[in-house]
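Pasting the structures in now, so scroll down.
Two complexes follow with chain A in common, the first pairing it with chain B and the second with chain C.
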Partner chain A sequence: MSIKLEDIKYTYMPGTPFEKVALSDLYLEIREGEILALIGPTGSGKTTLLQHINGLLRPDSGSVFIDGEELTKKNLFKIRQKIGYVFQYPEQQLFEETVFKDIAFGLNRLKLPEDEVRARVYDAARLVGVSENLLERSVFDLSGGEKRRVAICGVLVTKPKYLMLDEPASGLDPEGKNAMLRLLKTFRDAGITVIFVSHNMNDVAETADRVVVINDGRIERQGTPREIFTEHDFLSGIGLSVPDVTDFFRLLSERTGVEIPDIITLDEGYAYLRDVYSKGGIPS
Partner chain B sequence: MRISLGRYIPGKSLFHKADPRSKIIWTIVMMVFILLCTTRWQYLMATVFVMIVFLISGIPLKYILKSLRPVAVLMIITTVFNLVFYKGTTVLFAIGSFNVYREALFLSIKMILRIFMLIVSASLLTYTTTSVAITDGIEYLLRPLAIIKFPAHEIAMMMSIALRFIPMFADETDKIIKAQSSRGAEFDSKNVFKKIKSYVPVLIPLFVGAFKSAEDMSVAMESRCYRGGKGRTKFKVLKFTKYDLILLIITAVFCTGVILMKTVFKI
Partner chain C sequence: MMEANNFIEFHNVSFRYDSADSGDGEDGENVFAVSGIDFTVKQGEFVGILGRNGSGKSTLAKLMNALLIPTSGDVYVNGMNTRDASWLWEIRKSVGMIFQNPDNQIVASTVEDDVAFGLENLGVPREEMEPRINDALSVVGLADRRLKEPHYLSGGQKQRLAIAGILAMRPSCIVLDESTAMLDPKGRDRIISIVRELNLREKITIILITHHMDEVVDCDRLFIIDKGRIIKSGTPGEIFSDEETVVGAGLELPPVCELFQRLGLLGLRPGETVLTKEAGVEFLTGVR
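Right after this comes the complex of A and B.
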């Protein structure tokens, strides 16, 4: 089962001077169980694409299929329970008196028994790492990182099968950021398909199973992080970059004239260096 | 959501290029006269001048129609009532047992023209002038009132801040509604109380955000040493150009025409 977008076209404010074609000729398949990273320059249509997947925006033409079922007006509510969507800066949407109530908000319409609600909130909190003693606090008393986790819990309570996150790590401190990336893997290991938008190529290389590059409303490339991040010229041509370690080893290779395989994660870099040292250093 | 009534539409027309002050003066003169119009010749002249400026501005007709749409329903209802219930002397025709009088017809046409022209004049100003330019112009025009301690600068500043924040709020509201509906919120309940209640998850984040933006804004202004209008210079200095001359000549011709019509010709 998977998410499929077929020939999506979407224009903002058609017929006005502000008309903007945000997506065109867009085909995409998101496979179950993967972590998919969506990268692209600002304004390339990443957010617009996510909003099509859970029906917040309806394509001008083309269709969205969720597990083989076409997304229509009628099955919107049902499908939205399958697809969690964590907006950019989701902490701005917190509003309830307590953390518990805010997390449980998404369940209001489901009319679940009280102990089921409790269980789901606790499950979400545990998965995301929100400690239980925060649950009765006011949402406005938390730190930025805590708020963001609470907001993610609020999306996870409905037990989505797919989880979309728009720049989940932006605005967090380095520790919070790393924790967020580990969290994405935790979600995948818990059986949730993860789709996330990021501007940070290091994060993408370390976390994603597959990468989709979008530019000017079109998908330009898709593949494994390795396939994508070896296309240095293409990426810099559209204003993106490669991970820092990739750059580092490329430069090292250029300066020393030594053939170095493409390295895209810190672990690979570390393994490579250890290998080289154990063989007596970089041959010159 | 983003497109709002009277939003600035970039253009290169003479009316776009004119200084906001001349445009504001023109609009005020126009609106005052439209309210004072009584005879059909006066209406005709006002219409002709509004049309002239409309043609000069190069704003597509569909935007003008769009700005008229909100009042159209009201106009239609009032017209129907006028036609059916107004008692005049000359019967034009009858619908069932109701007589439609000539006077009622004229009254309706005048009323429609008046309201439409008021809206068209105002929207021509807002379609061709950025809100920043409008407030700048207003501040300048109100400046003489400083003698009677009228806070022209403060009022203009408040207006421009408000205008700056409105589209931001609209976008923000749109975003929060989307985010909460993704979380399972329901906004289309038929029950009024439920409907109001369903907006709590939108209003609270909106207000929290608004207060935060206001606070940030005041800190930013203060840290740039903002202390009111005294001695403040402008980045974009308003200049009187040939476009203003043309516009003010049109205004003057129009005023002369109005005065002649009202006093000498009495038509």
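Right after this comes the complex of A and C.
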């Protein structure tokens, strides 16, 4: 099962002087069980794309299929329950008196029995690492990273099969950011398909199974992080970059003339250098 | 008294938000956002401030241009005590501040009007405004967008516009409070290289608050703040060779630095760090 977008076209404010084609010729398949990173410069259409997947926006032409079922006005409510959508800076939307109430808020309209609500809140909190003693506290007592995890819990309680997160690590300190990236893997390992938007190429290389590059409303590349991050010139041409370690080894290779395999994570970089050293250092 | 070339001085500064503004502590006691802060920034220095979310970084920034006044202790900007209301406009003019969200700092309906806004408030005569606006916009690379509506700029361009608005006021110091957090890689690089240039060429004092460690490896000095206190200060080399303190404060090493720290077993001497890609290449080719 998967999410499929077929030949999506979407134009903002059509027929006005502000008309802008936001998405065009867009085909994409998101496979169940993967972590998919969506990268692209500001204004390239990443958020517009996410909004099509959960039906917040409807394409001018083309179709969105969720597990084989085409998204229409009629089945929107039902199908949308499969898709969790965590907006950028979701903690700005926390408002309830307690952490528990905030997490449970999204369940109100489902009219679930009280013990089911409770179980879902506790499960979600456990999954993201929000400790139980925080649940009765005010959301204002939490740190930045904790608030964001609470906001994500509020989406998780609806038990989405697919979870979309728009720049989930943006604005967090390094500790909070690293915890968030580990969390994305936790979600995947718990059977939730993860789609996330990021501007941080290091994070994408360390976390994603597959990467989609969107530019000017079109998908220009898709592949494994390794396939994508070998295309340095293409990426910098559209305002993106490669991970810092990739850039470092590229520089090392240029300066020494030594051919170095594509390295995209710190672990790979370390393994490579350790290996080189065990054989007597960088050859001259 | 201030030392001659100190631009900003903090003397035992503590600050506590009113209970109306922020949450009370568990037992109804207000928590100090920063406490016992003593530090100085020299004229023309490029200083980085690091710390986890909620550590007090933004409070520190707002104390630097009298957006906040200390609960106790004193802040001097170029010799002016921020408590003294008669200096307020002089202080605001000399210390410009760029915040995190590009959309919250735009006030006018065209790019040039946005830059003019600050100048009008300062009562700068019309004929002098024109060249100042031109200069400021060309420094940040927005000269060709003068008549555009800011709404159509990208996030990075909006941050550059905010910098231009401050530059036109001819500041001595710019404080950037996580101003690159919402930008894409190119937008981020652009902001960092612009402030570096301003520091080198125009000798503008820069205070850069960030969660991106790679942005601060070229700073003159770094401060780590945690729970409202400065827990460590030093050159980037001194800071990042102390991995324990860095990680303990919720931070991390810059990526290349981390690689070499792990590689330490293979030839880095204790206290030695490799901060940049260039330095890393030099280190590896030097020891071969």
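In the analysis below, the second predicted complex is superposed on the first by the 284 of 284 C-alpha atoms of A that agree within 3 Å, B and C clash if a C-alpha of one lies under 4 Å from a C-alpha of the other, contacts with A are read in each partner's own complex, and residues count from 1 in each chain.
Just so we're on the same page, contacts are C-beta pairs under 8 Å (C-beta built on N, C-alpha and C of every residue); 3 or more make two chains touch, one makes a residue touch a chain.
If you're wondering where the values come from, they're calculated on a predicted model, not measured in any experiment.
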Of chain C and chain B, partner touching more chain A residues: C
First (chain B), second (chain C), both or neither touched by A:Thr16: first
Which superposed partner A:Gly106 touches (first chain B, second chain C, both, neither): first
First (chain B), second (chain C), both or neither touched by A:Tyr27: neither
Contacts of A:Gly281 with chain B and chain C, given as first, second, both or neither: second
Touching partner for A:Gln92 - first (chain B), second (chain C), both, neither: first
Contacts of A:Asp141 with chain B and chain C, given as first, second, both or neither: second
Which of chain B and chain C A:Gly176 touches, first, second, both or neither: second
Interface residues of chain A shared between complexes with chain B and chain C: 140
Contacting residues of chain C [partner chain A, same complex]: 22-23, 51-55, 100, 154-156, 178, 181-189, 211, 213-214, 247, 250-252, 254-256, 258-259, 262-263, 266-267, 277-278, 280-281, 284-285, 287-288
Partner chain A, residues of chain B touching it in the complex: 2-3, 9-10, 175-176, 178-186, 200-201, 204-205, 208-209
Footprint of chain C on chain A - complex, ascending: 40-43, 138, 140-141, 143-145, 170-178, 199, 201-202, 236, 239-241, 243-245, 247-248, 251-252, 255-256, 266, 269-270, 273-274, 277, 281-284
List of chain A residues in touch with chain B within their complex: 12-13, 16-18, 51, 54, 56, 77, 80-81, 84-85, 87, 90, 92-95, 105-110, 140, 154-155, 158
